[in-house]
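Each of the next two complexes has chain A plus one other chain: chain B in the first, chain C in the second.
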Partner chain A sequence: MKRLESRHWVFIGLFLVVLLSMLLQVDLGVEVSSDTTRLFDYIENLPPGSTIMISFDHEASSLPEIRPLALAVLRHAFARNQRLVGVALLAEGTGIGYRLMEQVGKEYGKVYGEDYVFLGFKPQYIAAMLSMGESIRQTFPEDYLGRSYDSLPMLQGVRNYDQIAGVISIADGSLTTHWIEYAGNQYGVRVSAAVAAAMVTTYDPYLASGQLHAMIGGLRGAAEYEQLIHQGGSGLRGMLAQTTAHMYVILMILIGNVVYFRGRRKRGEG
Partner chain B sequence: MRRRIPQLVCGLFGLVTFLCYFSSHPIARKIYLTVTLDYWQIIFAFTLIVGALSFVRVNLRAVERGEDRPYKIVSLIGVVLMPILALIWGIRGGSPFMWVFENIQVPMQATVFSLLAFFVASASYRGFRARSLQAAILLGAALLILISRSSIGDLIWDRIPEAAEWVRSNPAMSARRAILIGIGLGSLTTSVRVLVGIERTWLGGEK
Partner chain C sequence: MDVGTLVAGLLTLAILTFLYRDNPIYKMAESLLIGVAIGYVLVVTWTNSLMALLFTPLFSRGELWLIVPFALGFLMFGRLHRRTAILSRIPIGVLIGSGAGVAIPAMLEARTLRQLSATVGPVFADGTVDISMVVVLLGVLSTLIYFYFSREQVGWWGRTARLGTWFLMIFFGTTFGYTVMSRMSTFIGRMEFLLSDFLRIIS
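Showing the complex of A and B:
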């Protein structure tokens, strides 16, 4: 049998740490950041019945991180009786987005077509964003379920971004940038985002300049949001696994450096 | 002539779209939207056909040569099967297309993405060393961010989130802004070079 190398032990260690954390199901609680509070306040302070566009701009690979973010935002919006228009500008976000809206819609007893709709996917995201600025009806003549735009009561009177209170882009990549550049800058629609943790620093400059109104990021952002809406979910549940995994990585870095410096000293380099 | 005509078309459309973007005149708006909404979608549809055909051709050749044959066959089955499922039963929730997407594609992609955590753990052990002052600063910042993104950052020291926020808002954001400005200037330069015909590599063939 092949002898296990150091990296294999590192893999096994991480697997056990995450597995144990998931089995323990301890709610650690998190300190809520100002960024998260800003998005929460934004949705909280919109007049009930406002129309918010939720854009599912992500791929399936980031679902474990994106799902808690999306669920937290959808739950808050539905709880505040906002009307939601779902779209997907990446093909993989289509099925996921519809399922999530349907799931949370049922939780809050919302009716499809009256309280929320899902318009589906449109290829070429920049063209789709610009097109919706002129006419959402022309961009999506039918919704995801094949019903005509005009037959959906919620969309009566919704012509373009002028009737949309804001766009929330749920993204794992750079698509939010295009929302800011095209929908935000050209049509003046307010853009917010719920993004994967790896993208947070990408959007920090836009947040600081005010081009991005609010942003929550990663599993921690989801956990913070769940805490604000007083509804635990996979964000808070996953925080123990994320915390222990981070601690494990820090431990590996420290062990690696101890080994490195001891080796240097032995070789007489340090 | 074969190169001159595409160059002229590219230059003309680029210039017209660029000028119309900054104009609020109704005619300019109409031209801009026609180009971005209609022409763009049509071109995209053609590129999709080219991409799909190229994918099938490359993978068929690999199957013939016996290179990674099982993987290439699975890829080909996927590229043929999904459009068939979509054409027969549609792509709505509950359709066979969505079943394959939700039960095969989503778990597979999430699994591959999750494997990154194991490689990060391994790389942190083997490669993240304080070999120099710069490396030590980078290491310190990374540790700070890692702790701040977990639940125990504020328990260790209540100013850790504040320190991490400072790193995010100052050095990290400065670097990010510099990169963004660099990308912007680079894109602008390349676009101008393409429009005036200095940059011709996109046409392929001779230099």
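Showing the complex of A and C:
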């Protein structure tokens, strides 16, 4: 068996830190940021029965981070009796999006076709976004389950973005940018986002310029949203683990720097 | 425990074995992930795109105008042979031409003009100086100067360029911090799955 190297000890340390934090099951509670409040207020203040489009623009690999965000937003929207139209512009988001909507729909006793629908995946996302601006029915003649658009009661009267109160892009990459560029700029759709933390700095300029209406990011964003809707979930449960893991990373950076500079001094390099 | 949870749990553990070192169990899980992902995308694309939008309307409902995109798509296969490769330039040309036509005005508006107007805001408002606007303006100008390579970066020009590198470093640091946060969130999410659904240690 290979001898354990220093990196292995770092991984073991991180594993133990996260494991212990999760076993403690302490609900830390978080301070809610203005960005998160903005998305909450937006859904909260829409008249009940408004149609919101939820776009699942992510891959399966980011599911652990995306899922709490999506669940929090879906729970709030369903609790406010909004009608949801789900789409996926990345193929891997298709099955995930449908399952999440179905799960939360059941929690709130919502009926498929009347309270929510999932239209499924469409390739060539830019073409799909532009096409929906003209006609959602022509872009998605059938829903994910193969039912015709016209047979779904909820979609009667929903022709294009004019009948959509806004789009919420649940993304782990740059697809939200295209929603802003094409649906937002060209059709005046109000675009909001729930994104992986790694994408927050990409979308901050759009948020500052007002092109993106609201944004929540990462597990922290999910925790803040869960706090606002008074419904605990993976976000709030993971906050202690995330806090301790970050402290552990900072500690490792400090130790690494001390070891590095001591080594340099020993070698007489400065 | 259902089979899906069992398989997901075992595959998560298989992927985590890479933290020790590269090994056949990790390789198997990695290959399975890539294979399943490609297979899934292939099936979804075939069902939702080719069948729903092309083959069914064209061959079952007789929507003959679809012969045009069908022919253009078919010409892409011209690349498979040297003598017919030139034919693939037609659909590529259509794709790039239409793509550029759609993208250029949209990107100019969203990424340049709207961003520019948000950046160049009033520094003086209501008789006071807006500090954040000053910082944004200083950051944009100094970073642009750093990327201007047609003049030697010495003197006040060089000092401003160095200030630009500081702004860049702050941006890179923030992005890296968020990326670390993102990866930690993913790890915590998998740990939660392992501890709750797979091992049922926590509720």
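Operating definition for what follows: the second predicted complex is superposed on the first by the 265 of 270 C-alpha atoms of A that agree within 3 Å, B and C clash if a C-alpha of one lies under 4 Å from a C-alpha of the other, contacts with A are read in each partner's own complex, and residues count from 1 in each chain.
Please note the rule applied: contacts are C-beta pairs under 8 Å (C-beta built on N, C-alpha and C of every residue); 3 or more make two chains touch, one makes a residue touch a chain.
Only a predicted model underlies this, so the values are computations on that prediction, with no experimental measurement involved.
Peer 1: Could you say whether A:I126 touches chain B, chain C, both of them, or neither, answering first, second, both or neither?
Peer 2: A:I126 sits against chain B and chain C alike.
Peer 1: For A:G166, select first, second, both or neither according to whether it touches chain B, chain C, the two together, or no partner.
Peer 2: neither
Peer 1: What is the contact status of A:G233 with respect to chain B (first) and chain C (second): first, second, both, or neither?
Peer 2: In the superposition, A:G233 contacts neither chain B nor chain C.
Peer 1: Applying the touch criterion given at the start, work out whether A:I250 contacts chain B, chain C, both or neither, answering first, second, both or neither.
Peer 2: A:I250 contacts chain B only, not chain C.
Peer 1: Once the shared chain is lined up, is A:S62 touching chain B (first), chain C (second), both, or neither of them?
Peer 2: both
Peer 1: Should A:G86 be classified as contacting the first partner (chain B), the second (chain C), both, or neither?
Peer 2: After superposition on chain A, A:G86 lies in contact with neither partner.
Peer 1: State whether A:S6 touches chain B only (first), chain C only (second), both chains, or neither.
Peer 2: Only chain B; A:S6 stays clear of chain C.
Peer 1: Using the touch definition from the top, say if A:G97 reaches chain B (first), chain C (second), both or neither.
Peer 2: Neither chain B nor chain C is touched by A:G97.
Peer 1: Please work out whether A:N185 is in contact with chain B alone, chain C alone, both, or neither, and reply first, second, both or neither.
Peer 2: A:N185 sits against chain C, while chain B stays out of touch.
Peer 1: For chain A, what residues appear in both contact lists, the one with chain B and the one with chain C?
Peer 2: 11, 14, 18, 59-64, 92, 94-95, 123, 126, 130, 197, 200-201, 205, 208, 218, 220, 242, 245-246, 249
Peer 1: Can you name the residues of chain B that touch chain A in the complex?
Peer 2: The touching residues are 33, 36-37, 40-41, 44, 91-93, 98, 101-102, 105-106, 109-110, 112-114, 117-118, 120-122, 124-131, 139, 142-143, 146-147, 149-152, 154, 161, 165, 168-169, 172-173, 176-177, 180.
Peer 1: Which stretch or stretches of chain A touch chain B in the complex?
Peer 2: 6-7, 10-11, 13-15, 18, 28-31, 33, 59-64, 92, 94-96, 98-99, 102, 123-124, 126-127, 130-131, 134, 144-146, 197, 200-202, 204-205, 208, 218, 220, 223, 239-240, 242-243, 245-250, 252-253, 255-257, 260
Peer 1: Using the touch rule from the top, collect the residues of chain A that touch chain C in their complex.
Peer 2: Listed in rising order, the residues are 2, 8, 11, 14, 18-19, 22-23, 25, 59-65, 67-68, 91-92, 94-95, 120-123, 126, 130, 141-142, 177, 180-182, 184-186, 196-201, 205, 208-211, 217-220, 234, 237-238, 241-242, 245-246, 249.
Peer 1: Flag every residue of chain C that touches chain A in the complex, lowest number first.
Peer 2: Residues 19-21, 37, 40-41, 44-45, 48-49, 52, 99, 102-103, 106-107, 109-111, 114-115, 117-118, 171, 174-175, 178-193, 195, 201-203.
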